[in-house]
Amino acid sequence: MTDVLPLAVSFEALTSMGFWLGVGVIAGAYTIFTLGLQLNVGFTGIYNFGQAGFMAVGAYSMAIFVTDTGINFWLALPLSMLITIAFGLIVGLPSLRLRADYFAIATIAASEAIRLTALNARDLTGGAQGIFGFGDSWESLQDTIEGWLMDLGWSDPDTLAPLFIVVWIVAIGLTFLLSRVQGTPWGRVLRAVREDEDAARALGKNAYSYKLQSLAISAALAAIAGFFLAINLAFVIPDEFGPTFTFVGYSMLVLGGLASYWGVAIGAIIFETLLEGLRFIDLPISEVKIAALRFIILGLILIGLMAFRPQGILGKREEMVLGD
Amino acid sequence: MTDPEGTAAAPAAPSGNGAKPIFEAQGVVKRFGGIRAVDGASMRVREGSITALIGPNGAGKTTFFNVITGFYRPDGGGATFEGRPVLGQTPYAIARRGMVRTFQITKALAAMPVIDNMMLAAPNQPGERLVNLIAHPREWRRRETEVHDQAMELLDVFDLSKLADTYAGHLSGGQRKLLELARALMTKPRFLLLDEPMAGINPTLGRRLLEHMQRLRTEAGVTFLFVEHDMEVVMGHSDRVVVMAQGRVIADGKPDEVRTDQAVIDAYLGGG
Amino acid sequence: MEAGTVAVERERPLERAREFARGHPAQAALVVLGAIVIALVAAKGLHDVAQLALTGLSTGSIYALGAVGLTLVYGILKLTNFAHGDFLAFGAYMAYVVNVSWGLPLVLGIAVAMFMTALLGVVLEKGMWGPMRARRAGVLQLILMSIGLALVIRYGIQYFAGTELRTLDVNNTDTIKFLGLTLGRTQAIVILIGFVTLLGTGVMLRYSLLGKRMRALSDNLDLAETAGIDTSRVILWTWVFAGAFAGLAGVLYGATTQLQPEMGFELLLPIFAAVVLGGIGDAFGALAGGILLGVVIEWSTMFVDAGWKSAVGFVVLILVLVIRPQGIFGKARTL
């Protein structure tokens, strides 16, 4: 940070565990979200800018299943994932044949269409007010985990601690899984598709099919991220799933480094810490201005990264897919 | 599960200049806007032969190449490979049938190591299907080892084995050409189409490539069709020469016949 | 289509029609449009159709002005500028400063908006796009940079101007009546300004030396360079036009509705749709695409709630990308 702004940070706020657990939960959700982006961009070469839309589908499906149809929460999760995967295929089937930047535009459009539907289809999605009241099953699990923590010696566990733990177990597990899959023949074809689609085709690989698979898996990951987000907020509203979420995800992606799954977590943690940490700047300016400032800084970081260190922290120069 | 597009029908007996055509094209047409880049090209490639496709600049050779290998959509005509229709199929389906092409500007997958380039090309790797990763882990691991060994053998033949772990992007131009050929061979093709294989490499390397081609034809019965500009190579090393000009095939015969063909001479003097 | 043989002579009339459409897209589009108009008039009556078309011309002119700039930049620099919508917002807010904060006539506000946005474009070209091109930056890098830029501009506006809705000092209540149709006075002015500007641009692109050079660069940048054209000057002028039109479009949009920091992103997708509809890289296409899109969106309100209007833009975008990605006037890809 520059020394131009007088920094006065509230010490209590800065050291509040509840706050940082909250940051950690969001960072974890972003990690899962961005793992999908990494699969798409870093390992398949498709620029999926509709990830927030898929996240919305996952979160809303879960919320609708639980509150409208009374399906058990734990069953609603895989069902919602299936629905999100279906959306991924619906979006991908027509648009994956397009050029890279057209595909990006198409996915943003799809994402916005989904958000608009969530906003307007009031009967189904609750409109701007959204849906709430789906968290009961989670709360039972949360209590159980709190019990375990107390058994382990933590006398007064923070309410967010269980969620934090679960999110990160899932995030790290998925990172590990994806890294392993990358080393398989399937992963190799994906890398070839990213490198040079025509070369892959000339060697008998159906590039289009692999891109579809990549998008579908990424959509599933977005759904999982959506579940955690929904649980964290205790409600789902359209505003939470706007394109800004995707842009932040991309910032984390490039910060951590393209073609590095472990870099995603690093990028997410750093970025989210920065973004939330900026809340504490006790400047003599209004809330609105501070909110705006955070995103100005985000934009500048994105520009700066692309200009000066496009491979981010863990990305390798050779793997840089950025130059074509 | 084997591809529905189908691997070829009965494998033909590998021989020298067999009379049976492995590939036939009839009246292939490709338009770009108002221009007919390929204007009704017909030709036959005999099984086990080494056929050269030549012609002056702008004759439509590379376009024809791209159309029959599925990289351009055809606007008319027909073609068969091993007796079954092939024109208009997707490039990957054509490649899986055993009709494989290389590129004039090599498409080495630069950000992947040489060995990965090679292993990628091997057919029938169940691990390339997502389901099999979980369902049949032993099968695909076994095939990986097989493929790895095959790849190293082939790299050895081309003197590239020491570079197995190098990123393909770090190879020299000539090495990349060899990699392109070696990689294509990993697919176990029956019909190999080379787009200007000699372009940009020194004569020694070129001669080695030609030796490999001859050997592959004799030992494995692979049929070759290559687009080439270098007349020495063409005349000295091919069984048959097909000449294109202005989008059509104007001559098709033995090198000596073609060299003295009036139409060919006119085409080169007039248009080239 | 059977694999293996492709029939050269297509006798069936459906195939013939498709061939015609492929070769003469503009005429085909007009035919389709005509059919749609007839169907709409039959269903909803001439008055509604005409009235909405008029409103659509107003929003369409704004989209067209935005689209021309975006497509010119893409055509020459192969840059998909995700920050273009925020150029419009920038222009609108510049006009606000002049027109409302300083109380000067709107005409002056328009001039300042166009000048400042053009300046913004030039500054960014010199400071950002030019250097990135020199470094051979890839598609993803440029896309992400433009997204970062979009965020900086949009939230920069929010920082200084806050999130509350603002209006320009225009007369939005007066209406003009003719032929039984009503049109807001401001909207009529928008259409007038829009058409005059677009006409002028069309003439400039076709007949002026700069216009010819711009089209040459759009066709093939490297070739134009070797032909001795001073590409950096042409590129700068491209940004000047793109910026100026964006600024103008932003003010016109603000004049007919309201100003808020998100207006940039809200406008970006319809502008993309217009560009894609007309054929990316084709300035005439962008003009046609913008106006067509504006009219179609207004017509859609006969069938769906107004809240879904933006969705119509997306639907058009997705349909075009699926059916004919090169747009009405663009050239088809080979595969």
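Which chain is which? They are A, B and C, in the order written, and residues in each are numbered from 1.
Simple rule for what comes next: a contact is a pair of C-beta atoms (placed from the backbone, for glycine too) under 8 Å apart; a residue touches a chain by one contact, two chains touch by 3 or more.
Computed from a predicted model, the values in this text were never measured in an experiment.
Enquirer: Would you identify the chain whose Cα-based centre sits farthest away from the centre of subunit A?
Expert: It is B whose centre lies farthest from that of subunit A.
Enquirer: By raw count of C-beta pairs in contact, what's the busiest chain pair here?
Expert: Summing C-beta contacts for every pairing gives the maximum at A-C.
Enquirer: Averaging only over C-alpha atoms, locate the centres of subunit A and subunit B and give their separation in whole Å.
Expert: So the centroids are 43 Å from each other.
Enquirer: Between subunit A and subunit C, what is the gap in Å from one C-alpha centre to the other?
Expert: Subunit A and subunit C have C-alpha centres separated by 31 Å.
Enquirer: For subunit B, which residues are shared contacts with two or more other chains?
Expert: 71
Enquirer: So which bits of subunit A are touching at least two other chains?
Expert: Only 321 qualify.
Enquirer: Give the list of subunit B residues in touch with subunit A in this complex.
Expert: The touching residues are 69-71, 90-92, 95-96, 100-103, 107-112, 116, 119-121, 123, 125, 127-130, 133, 140, 143-144, 167, 169, 183-184, 187.
Enquirer: Can you list the subunit A residues touching subunit C in their complex?
Expert: 41, 47, 94-95, 98-102, 104-106, 108-110, 112-113, 116-117, 119-120, 243, 247, 250, 254, 288-289, 291-296, 298-303, 305-307, 310, 321-324
Enquirer: Along subunit A, where are the residues that touch subunit B in the complex?
Expert: Interface residues on the subunit A side: 181, 184-186, 188-189, 191-192, 195-196, 198-207, 213, 318-321.
Enquirer: Can you name the residues of subunit C that touch subunit A in the complex?
Expert: 80, 128, 131-132, 136-145, 147-152, 154-156, 158-159, 162-163, 265, 269, 272-273, 276, 305, 307-308, 310-311, 314-315, 317-318, 321-322, 325
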